[in-house]
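Note that chain A is present in both complexes that follow, paired respectively with chain B and with chain C.
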Partner chain A sequence: MEAHLQHLLNAVVLGGTYALLGIGLTLIFGIMRVVNFTHGELYTFGAYMAYMLAGMMGLNFFMSLAMAAVLGMALGALIEFTLLRPLKGADIDTTMLVMIGAGIAMQAGEQLVWGGVAKSVPSPFPTEPVVIGSVSVGMNRLFVLGVALLLLGGFYLLINRTKLGVAMRATFQDPDTAALMGVNRGLMYTLTFALGSGLAATAGALLGPIFVVTPTMGDLVALKAFAIVILGGLGNIPGATIGGFVLALAEEFGAGYLSSGYRDAMGFILIIAVLIVRPQGLFAMKERIG
Partner chain B sequence: MRTMKTTALLLSAALLAPGVAFAQETIKIGVTQPLTGAVAASGNYVANGARVAEEVVNANGGVLGKKIQLIIEDNKSNPKEAVASAEKLIVRDKVPVLMGAWSSTFTLAVMPKLVEYGVPMVVETSSSTKITTSGNPWVFRIAPTSAMEAKSFAEKLDHFQPAIQKADFLAVNNDFGRGSAEEFRKMLQAKGVKIGVTETMAPEATDLSAQLSSIKQSGGDTLFVTTGVEQITLILKQAAELRLPHRVITNGGSSSPDQLIAQAGAAADGGYFTLFFAPWFPEKAVHPTVAKSFVDGWNKKGYDFAGLTEGYRGYDGIMTIVEAIKKAGKAEPQAIRDALWTVKLDGVNGDIAFKKDGPEGKESGQNEANVYVVQVKDGKVTMP
Partner chain C sequence: MTTRLLPWLFVLFMAVGPLWLGDQYILYVLTSTGIFIIGAMSLNLLLGYTGQLSLGHIAFFGIGAYTSALLSLGFDLDLGGAEPFVLGPQPVWVAFLGGILVAGLFGFLIGKLAFRVRGAYFVIVTISFAQVMRMVALNWVDLTEGPMALNNIPPLSVWLPWDGVIPLYKKEYNYLLVLAVAVVCFLVIQRLVQSRVGRALVALRENESLARSVGIDVTRYLVVATVIAAGMAGAAGGLYTHYIRIVDPDVFMFIYTVTMVIMVVTGGKGTLAGPIVGGLAFGILPEVLREVARPEVQWIIYGVAMIVVVFFLPQGIVPAVKNWFAGRRKRLAGTALGLRKETSA
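Presenting the complex of A and B:
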C-alpha cells in the first residue's frame, strides 16, 4: 500500500510539470497550428536563465523564476517576429523545417555558451522532505506542483473567460473575421507564441533546481510535450492538463511495477494505445489539422 | 594559361608546405570522449587529464624527438557518434593510436573499426568485461573491469559497520551498468549477502523516483549505484526526498565526489564511492611522486579539483601510449600495438602493464588496476 501511495504522489508531482509543458505547446501547436520544435529549447533556456540569475548572479530564487519566465516570453516573441511572421501563409512543411532548424541552432547555441557539463541551480528549499504518513515528498517538488496548478488554472481562465482569450481563439479560427471585428492579428500571433514559450521556460526554470541543467535536457521533454498535446486533443487546455497527468501516471506505475529501464517507453506505448482507439485524442476539438 | 596553372601549382604547394612540415614535427594521438551530452562532465575531465599529460610529455622533450599532439573529438555521449569520431581520427587525421571512448557502450561500438583499420586503442575508463574478452587484439585497457572492482571491493566488505546484510541495485541500462550490477551481485552472493531488487534507468533519465520508491520497499540496507556523476547527483537528491534508508555505495569510479558535494549538498553525506585515484590522499597512491606531478600539472592548468578522480584516466592513458611509442621506436599502428605489450609504467593509479585476456590468438590487453573506497562525511571526503 505504501508503495502505491508513494508512486501516486510521485506521479501527481511529475504530472504538474508535464501539464505545464503540455498547455504551453497546445497553445502553439494546437491553437496556432505551428509544429513547434523550439519548445524543448525554450524549456532548456528557462533552466539556464534560472541558473544564471539564481546560481551565478545570486539573485533571489523566486525573483529569478519570474525573470526566467519573462525572458522566455521575450525569446518566444522574438522567434515569432523574426521566423514565423515572414512565413505567414507558407505551408506547414516549410514552417516545420524552419522550426526544426531553429531548435537545432538554439541547442548548439546553449552548448556554446554554457558548455556540455551539467549545471546545478541552487534551491532555497530545505532538503528535509515533507512526510505525510508513510510517504514523503521534497518541498521543492511541492512548490513546483503548486505553481503548476496555479498557472494551469490561470491559463484556463485566460483562454476561456477573458476578452483576450476570445480574441486569441477567434484569430486562429478565422483570422479575417477576427480582423474585421477589430482584433490585432499580428499582436495575437506574437502574444500566443510568447505565452506558450513563457510556459515552457517556466517549466524549465522550475525543474532546473530539482534535476540538473544540460544543453540536451529539452530533447525528451519536447517529445513528451507533443505526446501530451496529442493525447489530450489539440488546442484543448483541460485535455493537455489531463494528458500530462495521465502520462506521468503511466510512466511512474510502468516503471514501478513493470520495468524501470523502459520508463520513458511506457508513456509512449500508452499514447499509441489511446490513438488506436481514439485517433482524435482523449478530449478532441471538433476539427483537426490536415 | 600556362602561367596561371604554374602559379596555381606554386600557390597550392606554398599553402600545403607548412602543413606538411607541421605534421612531421608532431606525433598525433587521437582521443574520443563524451564532451557533450548525458555524461559530458566525465568526458571533459578525462580530456583535461590527457591535456596535462600532453604538456608534461612535451615539456620533457616529447617522444622520439618530436612533440606529441592530441586531437580530441567529441563523441556526444552517443555510440554512433563514437564510431564516427574514431573513423574521422583514423581516416582524416591519420592518427596511429587512439584513446577512448569512456562508456563501455561507446568503446564496444568503436572496437570493430579498430580491427577494420588496424589501429590500437588504449581504453581509459570502460569497465564492461566484454571489452577484453570478445577477441579484439587492438584493445588495451588500463581501467579495471567490473569483475576486478567487485573483487577489490570484496576485500573491504568487512569494514562496513553495520555489516551489509541485503543489497539492492540501481544501474544505468547499458553495458557498464548491467555488467557492473551483475559482477557485484555475484560477489555479494558468494559472501553471503542477500540480494534484493535490481532497478535500471535509461542513461538520460532524470526522474528516478519510481525506481527509488520500489527500492525503498525492498527492505535492503545498502544500495549499489552504477552510473556517471550526473545521475548519481540526481539519485542522491531524490533518495533524500524519499527518505530512502539505504547506505548508498557507487561503483565504476565516475562519481567525482567533490562535484557531488557541490551539487547534491547534504544528500551526498554518508555515501561511499569506489574510485581509481583518490586525489585527497596522493600519499596513499602506489607511486606518490607520479600522483603529485599529475595533480600539480592539473592545478597549474586551473582545472576543477572535482575532475581529478576522472582526469587521472586521461593522464595515465596518454602516458601509456607515449611509453609504447617510445618502445616501438616509430609512430605506426602495428608497431605501437606490439610495443603496448611490453609497457611497464608507474601510473597515477599504480603499475601499468598488460596481461592477456580473451580467446587465444586474439587476446586483448588488460591492466590490473587499483581500487579505492572513499566516504563523504560532513561535506568532506574521507578514506575509511
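Presenting the complex of A and C:
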C-alpha cells in the first residue's frame, strides 16, 4: 500500500511538468498547425538559462526561474518571426521540416556553447525530504508541482477568461473570420508560439535542479510531449493536461511494477494502445481548445 | 537515347572511378554513403511518392541490422518454456535475407497500425516506433547484448570464379556490393513507381479522398509501399551490420532518420534521382567539413541547410535542375526561332 501511495505521489509530481510541456505543444499545434520540433530544445534552453543565471551568475533561484521563462518566450517569438512567419500558408510537412532543421541547429548550438559535460543548477531547498505519513517527497519536487499547478491554472484563466484568450480561441476556430473581426492574426501566432515556448523553458528551468542539464536532455522530453499530445488529441488543452498525468502514472507504475528499463517506452506503448482502441485520441470529442 | 544511357554511365563511373583511385578512406566514405542512399531511396518511396512523412524509418534499418547480425551469429532465446529456443549461426546470406524479411514484416505491422492516422499523428507514431525499438535493443540484453553491442559479426561472402567463396573483408568488394544492391533497389523502385501501384500511390498523395472515390484501396497501397520500403531499409541495415561488423542500440537514433530525410528533401522527394543526389551531397559533405569544422558546427550547418533548402529549393535539387534545363532549352529554341525570323525577313 505504501508503495502504491509513493508511486502515486511521484506520478503526480512528474505529471505536473509533463502537463506543462504537453499544453505548450498542443497549443502551438492547435492554433498554428505546426508540429514544433524545437519544443525539446526550448526546454533545454530554459534549463541552461537557469544554470547560467543561478549557477554561474549567482542570482536568486526564483528570479532566475522567472527570467528563464521570459527568455524562453523571447526565443520562441524570434523563431516564429524568422522561420514560421515567412512560411504562412505552407503545408504541415514543410513547417515540420523547417522545425526539425531548427531543432538540430539549436541542439548543436547548445552543445557548442555549453559543451557536453552535464551541468547542475543549485537548488535553494533543503535536501531533507518532507515525510507525510508513510510517503516522502523532496521539497524541490513539491515546489515544482506547486509552480506547475499554478501555471496550469493561470493558463486556463488566460485562455477562458481574458480577451486575449478569446482572440486565441477565435483564431483557432476560424483564422479568416477572426482576422475580419479585428484580431491581429500575426500577433496571435507570435504570442502563441512565445507562450508555448515559455512553458517549455519554464519546465526545463524547474527540472534543472532535480536532474542534470545536458544538451540532449530535450530529446526524450520532446518525444514524451508528443506522446502526451497524441494521448489527449492534438490541439486539445484539457486532453494534454490529463495526458501529462496519465503518462506520468503509466511511467511510475510501469517502472515500479514491470521493468524500470522500459520506463521511457511507456508513453509509446500507451500511444500504440490508444491508436488501436481510439485513433482520434483519448479525449478528442472534436478538435477544440479551451 | 542519351537519357536512357546516362544512369548506366553513372553506375559504370561509380563502379570504376573509386576503385581506380584506390584510396581506402574514400572507399569507406562512399560505402557508408551508399548504404545511407539505399535507406534514403526507400524512405523516398514513402515520403516522396505516398507523401507520408515517416520519421521512424531508421527503425526498419535497425531491425534489418539486428536480425541479420543475430541470425549470422546464432542466438538462444528463453521464451519461458522448459527449453530455451536455440538457433545456431546461419549462413550470412540467409541472415541477410532474414533481415529483409523481418524488416518487411515490421513494415506490414506498423503500416497497418500507423495508417489509421494521418499527418502529424502519423509522424509522431512513426517516431515513437523507432524509439520503442531503441528501448528494446537497449533492454533485451539476453538477445541484443544491450549497450554492450553485438560484436564479431561475420562479413557477407561472395562466390568468385577464381577464388571460390570468400568473406568480404576487403573494402573494394564491399563497395561494389553496396553499389549493386543500390542499383537493384533503384530498379525495383523505378518499376514500382511506373506501374499501376505507383500511379495509385501518387494519386493518393495528391488527393486521398479523390483516390478513394475512384476505388483505390488507400490503406492497402500504403501498406504495400511501407513493406517494400521497410524491406529495402532492412537490406541497407544488413549491409551496414556486416560491413561495420558491430551493431549497438544507437543505430536507432532519430538523427539518422533525419539524415535520410535531409537527403531525400534536398535531392528532391518524389524523384528517382533525388535521394542519390541528396545522399551523395550529404554523405560527402561531412567528410569535407571535418577538416574545417567541429561536429557541432557540422550539425548546425546541416540544420541550417535543411531550412535553406525548404525556403529556397522547396522541390529539391533534381526538379530545380530539370526546370532550369527545360527553361534553357525553351529560351534557346526561342532565340533560334527569332533568328530564323530575322533572316527570312
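The definition used in the following text is that the second predicted complex is superposed on the first by the 285 of 290 C-alpha atoms of A that agree within 3 Å, B and C clash if a C-alpha of one lies under 4 Å from a C-alpha of the other, contacts with A are read in each partner's own complex, and residues count from 1 in each chain.
Rule of thumb we're sticking to: a contact is a pair of C-beta atoms (placed from the backbone, for glycine too) under 8 Å apart; a residue touches a chain by one contact, two chains touch by 3 or more.
Keep in mind that this is a model prediction, so the values were computed, not measured.
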| task | In the overlay, answer first, second, both or neither for which of chain B and chain C A:217 touches. | result | first
Q.
I'd like to know which partner A:83 touches here: chain B for first, chain C for second, both or neither.
A. second
Which of chain B and chain C A:264 touches, first, second, both or neither | both
- Task: Mind working out whether A:256 is in touch with chain B, chain C, both or neither, as first, second, both or neither?
- Result: first
Classify the contacts of A:226 with the two partner chains as first (chain B alone), second (chain C alone), both, or neither. second
Ask   = In the superposed arrangement, does A:60 touch chain B (first), chain C (second), both or neither?
value = neither
Identify the partner contact of A:118: answer first if only chain B is touched, second if only chain C is, both if each is, neither if none is. first
| Looking at the overlay, what does A:10 touch: chain B (first), chain C (second), both, or neither? | first
Dual-contact residues of chain A (chain B, chain C) 111, 219, 259, 261-262, 264
Residue set of chain B touching chain A in the complex reads 35-38, 40-41, 43-44, 74, 173, 199-202, 204-207, 209-211, 213-214, 216-217, 230, 233-234, 237-238, 240-243, 262-263, 265-267
Chain A contacts chain B in the complex at 2-3, 6-7, 10, 14, 111, 115-118, 120, 127, 129, 131, 136-138, 141, 210-212, 214-217, 219-220, 251-253, 255-256, 259-264
Chain A partner, complex, touching residues on chain C are 51, 53, 113-114, 116-117, 119-121, 123-125, 127-129, 131-132, 135-136, 138-139, 254-255, 258, 261, 265, 294-300, 302-307, 310-311, 314
Note: in the complex, chain A contacts chain C through residues 29, 35, 83, 86-87, 92-94, 96-98, 100-109, 111-112, 219, 223, 226-227, 229-230, 234, 259, 261-262, 264-265, 267-269, 271-272, 275-276, 279
